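Look for subunit A in each of the two complexes below; its partner is subunit B in the first and subunit C in the second.
Take a look at the complex of A and B:
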């Protein structure tokens, strides 16, 4: 077993190291291709709110004006060095807070909201897909596929706004925005959990509603092709129980591509659903990313992109490794 | 940026559909004794705790609620003196020295007295850490306060001086103002810090505040990242005070509950059409005069939230506030005059041919107005401007870009025209004209470089208060005859509040302070919150 797993694992680790280095480097280059500089961005933001005194202007230029002073090469080396020491520097838009503390402040919110919504959407969508794809063309399939294609084509922000308008603004069942009620201190208290869950309902519902159909269509199509495979016919011919054929024979094989897709989307969760968080004023990573971009905050952008790309890589690595265990064919190929 | 604009449009439509049903949405969970006071203080979705008054990212309320400034001047009412820690100031030796009388009742929140030593320390500390842009030479103690000397007459810097935040010596002597986030602030102001989360900061009234009893027991500053969300929160009275623009504010907010919902725009800055003077043909004064005469300023200000912006006269100073400074003939905004505009263009060699304004080189006059695409208001005003100029035969259009590209193009001087930068009126016209016209000013992006302007600015900077009116005249004259920028409108800060929970707000009838939650001035904010009464 160890000998069998050894080679593919070593190869994969090499591949992931290369991918990580590319991600880190692209992550360094991309923000720097943006126009503008942090000092002007900060001054511009300040002047939108009210007058900026000479004093503040000089302070901003002194603190942030040199952000583009050094050569790219020099910045790149110190950036790599910082990453090795897990030191991402100080954020510009939240100066003097450090990038790690800023990222940490949004991480849990996003992980819990978008993470749980993605899992729910995946489980729900895949289950519906199994049901619809088992007997293609039946009523369940026709109606389900039609509805899911309709849902799939709705623009996300539009669904979000409609839900906010109906359930939060007009009916008042859910709060309008934010991560928790005003005056509730974050912590493992019943008050906070209750408040946080109520605030997460609508944003999570919009994510589930708009992404569930993607999983469903995908799974339905896979199922529809798998049900005609010989081994499924054989299982039926052997007289196995219906649910056993559906789940252990057909679905088990049909779900494989969905699982790789799931790995990617779990990785993307950390990037936050930028639009969800914008519409709901949710304090997660998507909101932070938006603020970093608006303020030309390179250190924060780098920190966030890095977290996003590394989680995608990590999720893929986990799934790849699981594949080697689950699917004998991948072991043979290696 | 595009999805956001779409969002705005969609919600505006939805909100319009809502009609009357939404009015009943005022969810007042207030228990009679202590109604909430919630302020929409941030347009960003999340916060990081920072209560360092010297930091540009200090959370609002740090200055005004926790720390106090020396004094200020009321923008909303004739720049009237507003005392805070200082009760009186007296100029000496031709503006090269000033005496500040401190309010001797002032105390820090630990009960110790706020003394002249703390004030002296603050100035020294700021100087030592390069935080002081004032020409302060020495600070010494006097019988009732402090005496400051300057390296040059500092009349023009009086407001910046007044907005100095005083910190306690015993706490700050060992702190680094660049990196300290000061999470346990000890100030002299009416509030102490309550809870801070990623989306709000709460301030609790101090029962031992030195000046008076604090009427509002708790103030919460919250984040609201989109204007459509802010609109809904305002209508539901979840937000008591806000000052960020929302679309169609009169119908979407005021008309929903005219008895309780109020809007009061404060005109603190002027937004001119800025032409790139280094680019032909905008270096030609006749072209600039022609453009100035072609603009219908009333129509521009009506293009979005009519009443929030107002047309401004040709000196750039707002005639509503500065009328005594401007000669009567130059007070009113320039009226659009097509014939006069064409006459000016003719002097620059431009003639109308087949509806197009063609120059001596045979090309149509072309003008792209740079503005920030994310600001719906700025886009609407710019589009109206471009439309008016196009009607005259100019190839005029709006170039809407994200804010980073906007500041980038501005820095590179890569634009024909800009409509987006605003210049603040100070307590006297010096700051205003200096930022706009001085060759040394970073915000003079049009490239105006004129010796007469520099000498007039130099003289006004050092002019005693009673000589400032005369000193501003040469600059007003340059604006009238040279048009280094074309004054279009004064920019209003749309201050919105409701009277469901609290009354006693400043208004056009009783402008006792400039409504501001502490973004501009802590003195304004403290005066506002100390004047409210439970409804």
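Take a look at the complex of A and C:
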């Protein structure tokens, strides 16, 4: 048992649990540190929308503190208990929907759009980086690097606006906004998938276009330094096929730092691409966050912050664990 | 019996000639040493012969003929990439200076052996790994280390593994670029003894590049001394040690102590190696040469053969006096 406790894997799990607990706790403390009384403000808003039951009032106090004479400790325990049951109260901007149902739907939309766009950008950018960095200084590299620096310096909300104007407004090839056509019922039906993909096309293109060059430049630079390593030269001297030298010896080693970067950006996915989602009025987490802020919807904000921080942690944990598999040097001696 | 025949090989970095018209032969089963200080062009020569040179290095002239016992000679400089791929490792293998960096840090040692073997032989993965384990045993590494990663081996083990790797396909020629500079002298001794043993068993030829004359004198059959990209002396190891012809070789010989021979005064070579961008018209060693004559500044000495020894020095040229007189 003690040996198991000492293993790096268990240590890592412990670290991430600690980080998750900190995120949850900060989420509890923040509204209580805010000037004024968020709980009263929320209750006031809710009473404008409809009658507030005692039960709802208690929930608001549990999440945001306030006038009840209960101790912080007592509130904290019941807050943790509520989180375990995914109970964050009701959203004000989407009243009477619960925060968890609103966040869940936004989460799926964002995962679909930003998630797939991030994966596409990573794969595409890294592949281009391999090609450019294998023989630095050649035409492919010079032109590619120039174009990617140009793309990298474009503001992405501006690209989004241009794409909307040209392809949706002027040419009408793609829908202007939204996540899917309004009449279509969400589900795994061909109609819905078709509509969702068509709606995701332009926002995804925006994200890919503006983030692909970052991956490419990074990979190109790593590749250009790895190709000078002796083990790559030796792989060539062994008479291995060209693709084997490029992928198993050069790219295999050069991609390692990019993988860590990928973990961070996969974690960021849930933060949504705020401006892109706003331009396309896409129903993802980015738009939700915007609406929550505009409507001073504290319950929704709290739910969003929590889900964003937990996903960042989860993504990092997964990649941290994978990294050990792909880079044996990071494994500690057993 | 010649295995490798290098003729007038020229390698340039842009306008700088790092290797200038170098010619030599490596015999079958011979250990041929190439000696030179940093910047003498010895590593450039080695990468050019194996066609592993990288831009901006460029082979600007000359030929490298490889003459296998069982087939037609191949001219390496004119080889297509496909022809080269077939020759590599199967016929000509290399060992680099630093085994630390010549093994891929994220691949198991066995995998790095297996892919070399499987690139040239159609054998199953398990069979290739078996062969890798055997090769490791040849250099004194336990067979179970075949599944280790390079960082799990000691420096000496890695260097021996790199040598074992070079023998994976039973090559005719192994080109070694200072394979023992990164290890301590005790390990160096072990590795070289092991190498001699393997060479005697398998009969491959070795082209051994180093700056260490004392090491070469013990290891090599014949030695080529390079200075500023040119061969200044080619002779048997015995002759290089006992009776060096070129003043540069003499200087090198006198700058290290002998373990067994009589005590003599050690002397260094004054001055510094020349700038390859501004080589003198005459002999490149002239500014540092204790025996220089007026003519050395103007006349480029060529290799002159005498008693199986070749040296490029005007002092050895019988016609020196004649030409001296003639030029006046």
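One rule holds for everything that comes next: the second predicted complex is superposed on the first by the 271 of 334 C-alpha atoms of A that agree within 3 Å, B and C clash if a C-alpha of one lies under 4 Å from a C-alpha of the other, contacts with A are read in each partner's own complex, and residues count from 1 in each chain.
Operating definition for what follows: a residue touches a chain if its C-beta (ideal position, glycine included) is under 8 Å from a C-beta of that chain, and two chains touch if they have at least 3 such contacts.
Please read all numbers here as calculations on a predicted model, not as lab measurements.
In the overlay built on the shared chain, the residue A:281 is in contact with subunit B alone; subunit C does not reach it.
With both structures placed on the common chain, the touch criterion links A:157 to subunit B but leaves subunit C unconnected. In the superposition on chain A, A:248 makes contact with subunit C only, while subunit B stays out of contact range. Judged by the touch definition given at the top, the superposed model places A:329 against subunit C, while subunit B stays out of reach.
Look at A:229: by the touch rule set out above, it reaches subunit C but stays clear of subunit B. Residue contacts after overlaying the shared chain place A:239 against subunit C, while subunit B stays out of touching range.
Which of subunit B and subunit C touches more residues of subunit A is settled by the count: it is B. Comparing which residues of subunit A touch subunit B with which touch subunit C, the overlap is empty.
The part of subunit A that touches subunit C in the complex is made up of residues 137, 228-231, 233-242, 244, 248-249, 252-253, 256, 326-329. Only residues 50, 52, 54-55, 81, 84-90, 93-94, 96-98, 101-107, 115-116, 119-120, 149, 151 of subunit C touch subunit A when the two sit together in their complex.
Subunit A contributes residues 34-37, 40-42, 44-47, 49-60, 62-63, 90-91, 93-97, 101-102, 105-106, 109, 157-158, 161-162, 164-165, 168-170, 172, 176-180, 182-186, 275, 277-279, 281-283, 287-288, 290-291, 293-294, 296 to its touches with subunit B in the complex.
Here subunit B touches subunit A in the complex through residues 3-4, 6-7, 10-11, 14, 18, 21-22, 25, 27, 36, 38, 44-46, 48, 50, 52, 54-57, 130-134, 160, 163, 178-181, 195, 197-200, 202, 220, 222-226, 228-229, 232-233, 236, 238, 268-269, 403-411, 421-422, 424, 426, 442, 493, 516, 519-520, going by the rule given at the top.
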